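One structure follows; several queries about it will come next.
By letter and in written order, the chains are A, B and C; residue numbering begins at 1 in each of them.
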């Protein structure tokens, strides 16, 4: 087990390294292959109509003329050992993990990510709780009432849920339910305001995900209730509630948990559309802005963090799987 | 040993099934899985129900336990258990009897046990539904039961998961679970099919021993006449949802009268011999339960069909007594049947 | 100034607009907040003509919103138009624009300075004298050295790269190179700015520059005390000189401001300090912003790109909402160029053919019509820029094109059956792409066959339309263009577009490559002319000369639909910024 975790952690680190390399490559190598010069790249981070001298200075500030390997090495060094950064009159030390300084805004990326994370975390956790409970409940009821009006209505709603884009449902809810918009209030400051503001984004986001969970739960539940061990449970004389609520649900929850872990991991890296639609300053919004500005350190920071969450979620799901399903042996 | 078969509808029997019908409406038509079945069984005795797959054996046993989904199955007739009628009884009442007064062992012990719970937990659960005891007491009972069914080191194995048991051990555990509440009726549905030959014998011995200890009534459902020969006092041969022959085990093995029973005997593997090819294969395939052949359902596959003068294709043969307690549903005259058996079938079977 | 235009409103918004009008039936917004749609509006376009809700009432929190974050709130490191306007809330400059609606707001007036710049006879030395008793928000006095230091900061283009570089270009340091206050802490090499005493500041220029007072309105002249400067981190703790001080700025989220107790209203007739607090929330989705404005949860959208399509439909359908809206000039001109160096546009007759063939109404429609798009243009100077004169050298009925006349000029050009050429436009601007298609159809009617080449807008001028070599290699005869001046004079607007000496290999904005000695001479004359009215007259002449060359086809004076929540007081539209004046807003 320990060996397994160690191996997975090493794999995760490698994966993260590759993620940063790919992001780095997309950002630097691709434009270069497409014929962009470092001058043109640098021109994005100066004001309008930059003079050649300003471009040269910017290139120097960003180190754009160094070989890509050197630039990447600098990034990795900052990440593991920190780096010094001059912001004019003085130089400050950026402690690890230092994702560098924004090309455009010249401020350290990591504190910004730390600052944005609570928004995304609040959004993801709240929505996840809603969609898990609602999705599983609807899925179970649908499976037990297969073919009834309830089942059909639920599945049509679920279909609508996965098909309607969040910027559509989100903007509709904003226009008709909360024209004054939502504001992120930290949980630590005012829990009721935190929940009150986030309720709408939660429900909208959960609506999108609950659909998938309802359909998955329904399908696995239908499969599970046909299993021999469910018949055994009934033959033992267990009440139907226990048969479904304990025996069937336990088996149904395994694929659901897997999906849940991965979805949550994905979402922790930023719920891009939800955050943009509801103007929530989370990691997703940060990513959108970073990409719009072509701000490499910001993009690298947010993608690495997102990749980190996905990798961790994968690991947790695999470990959890071994706990949930005793047949699984890690090794 | 003498076999005394009382009429199936005798009121004093411990288990009495009368004119049981289990039909499933489907989009393709009505599936008549069981269509007018009657039998009886006393405490301490064993009834073997044999037939090919699809003959209605398992459907019958699930009907007795009340495990059919009432929304998808239409059930009529009567099932009496110790003087209590179950078909019309409220589901909750039947549930209370399930696991307590009647229990069941299933064919595939791996898929029949929940993969996520330990063997012990599953036995404890079965025990605690019907007995108001602490978890600790139930666990002690579970270990005792595991020991009883011959699982070595039960105190340690009780916390194992089903996948950590071998096939035979799993079936023993299933039996332990089924017997945990001292059921008065035990239904074993193909209890040995999934097991290899040596383990089969052990499991059959176990069932027999336990039956003796608990004075349990046992219904063994199988397509394997070998199992029936090992265990059963009485035998019911089913074909297309009906009984075609019903009598004592001796009657059936020594004086079978239905051509289908002959066919089954011909395909019976014998523990004392190398498995051989079927000498008397039953021609054709089992009938569709939606469009059951008219008259005798077996007639399209019956070698002696012509001898009935066309009766077999038009009329359903009634189950009638041919000798003391031996019932057969066949249009052939009893003398003719015995003649064919003695001169034709039996020599072939014995010569193999 | 850098303006992201409203065109970024994508198909999504349009889709929603349809959805909303279908569901909502154009009814009034459900006003939850105070004044949400119920307040008596001052009338459509009221703030374009005059102050709306003039009031001396104090108190309240002004809630401002923006879809975009600052490029930087650091006064020396900003270039966004709305940020330049907003920087006046917490900072004061040597000069500023007069707080007045309409073209009156184009007038430059003294701010920190007692009067406008005193110009030496050769035009190369400009002196300002600061008002007495000015203070920073910590109570310390504002001196001319602080103004000088502020300007000095932006010479370090490595630390503060965002702002405009006019001062860097025009200050004459006697041939020495000043590398900014971080490498040259005593500002030894900044000899072009002198502070003989604490109230006097003298600028020495490399050439006479008549619009210097306009440059002095930029936030780059905001005073910064050297002791408090932290370079790139100064934006975290900006020392205020305007009516409000910054309590906090959170990148990507917003800014909170409160009253600056050391600001003296007597010294500052162009700003107000009525509300207690100002909150700016940035990074909001445009539809979210519009909902908030209509519901009263927010007061003004400071980014000022106009409301999105959904809100537009709502506002125009509802007279009550419309009474709180203004459809007015943003100061931007949309036009396209006919390259004088590329055949057959090297022949003026072919250029004139296009002038007559263009259906400007079709192009206007592509931009969203008169309210969301703007008015049909016939001159290079928009009406909201000083020097604008109304004329139309190529009139066509209803601006819809005159094919007969176009054909005549085509024949005169020697191309009676038309010719083939290429059009360049910016791919990520859907309205411009639609306009290019509309032009394509117009030209087809007189036999000019065109193919549209689209490019990313961020490299449009650096690599493509603004690279004469590329344009010639690809034979791009027609290029779509749009312009908004850094300061609202004919010089600021036209010089980069039609002065032949501004043609450059990269980032060229004189795309049609006009190099007319008469026009160039007029620009020289402007620099020698001290009288404002006389200068404005010259701008009109330049405009007319350029239109006679027929190598630019202006088709639209850009307009936006802006919404001011009825709770807002002291609001008017300032033409100098093409935005509401943020330094005077208060609440009713």
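Structural remarks
As a convention for this text, a contact is a pair of C-beta atoms (placed from the backbone, for glycine too) under 8 Å apart; a residue touches a chain by one contact, two chains touch by 3 or more.
Every value quoted in this text rests on a predicted model; they were computed, and no experiment measured them.
In this assembly, the chain whose C-alpha centre lies farthest from subunit A is B. Relative to the centroid of every protein C-alpha atom shown, the closest chain centre, again from C-alpha atoms, is found for A. Inter-chain spacing, taken between the CA centroids of subunit B and subunit C, is 91 Å. The distance from the centre of subunit A to the centre of subunit B, with each centre set as the mean of the Cα atoms, comes to 56 Å.
Centre-to-centre separation of subunit A and subunit C, using mean CA positions: 38 Å. For subunit A in complex with subunit C, the touching residues are 40, 43-51, 53-54, 57-58, 60-61, 86-90, 104-107, 112, 115-116, 167-168, 171-172, 174-176, 179-181, 183, 276-279, 281, 285-286, 289. In the complex of the two chains, the subunit A residues touching subunit B come out as 227-229, 231-239, 247, 250-251, 324-327. Those residues of subunit C that touch subunit A in the shared complex are 1-2, 12, 15-16, 19-20, 23-24, 29-30, 32-33, 36, 69, 71-72, 79, 156-165, 169, 181-182, 229-234, 250-253, 281, 283-285, 287-289, 291-292, 294-298, 310, 458-459, 462-463, 507. Taken together, the subunit B residues at the contact with subunit A in this complex read 62, 65, 67, 95-100, 103-104, 106, 108, 111-118, 125-126, 129-130, 161, 163, 174, 177-178.
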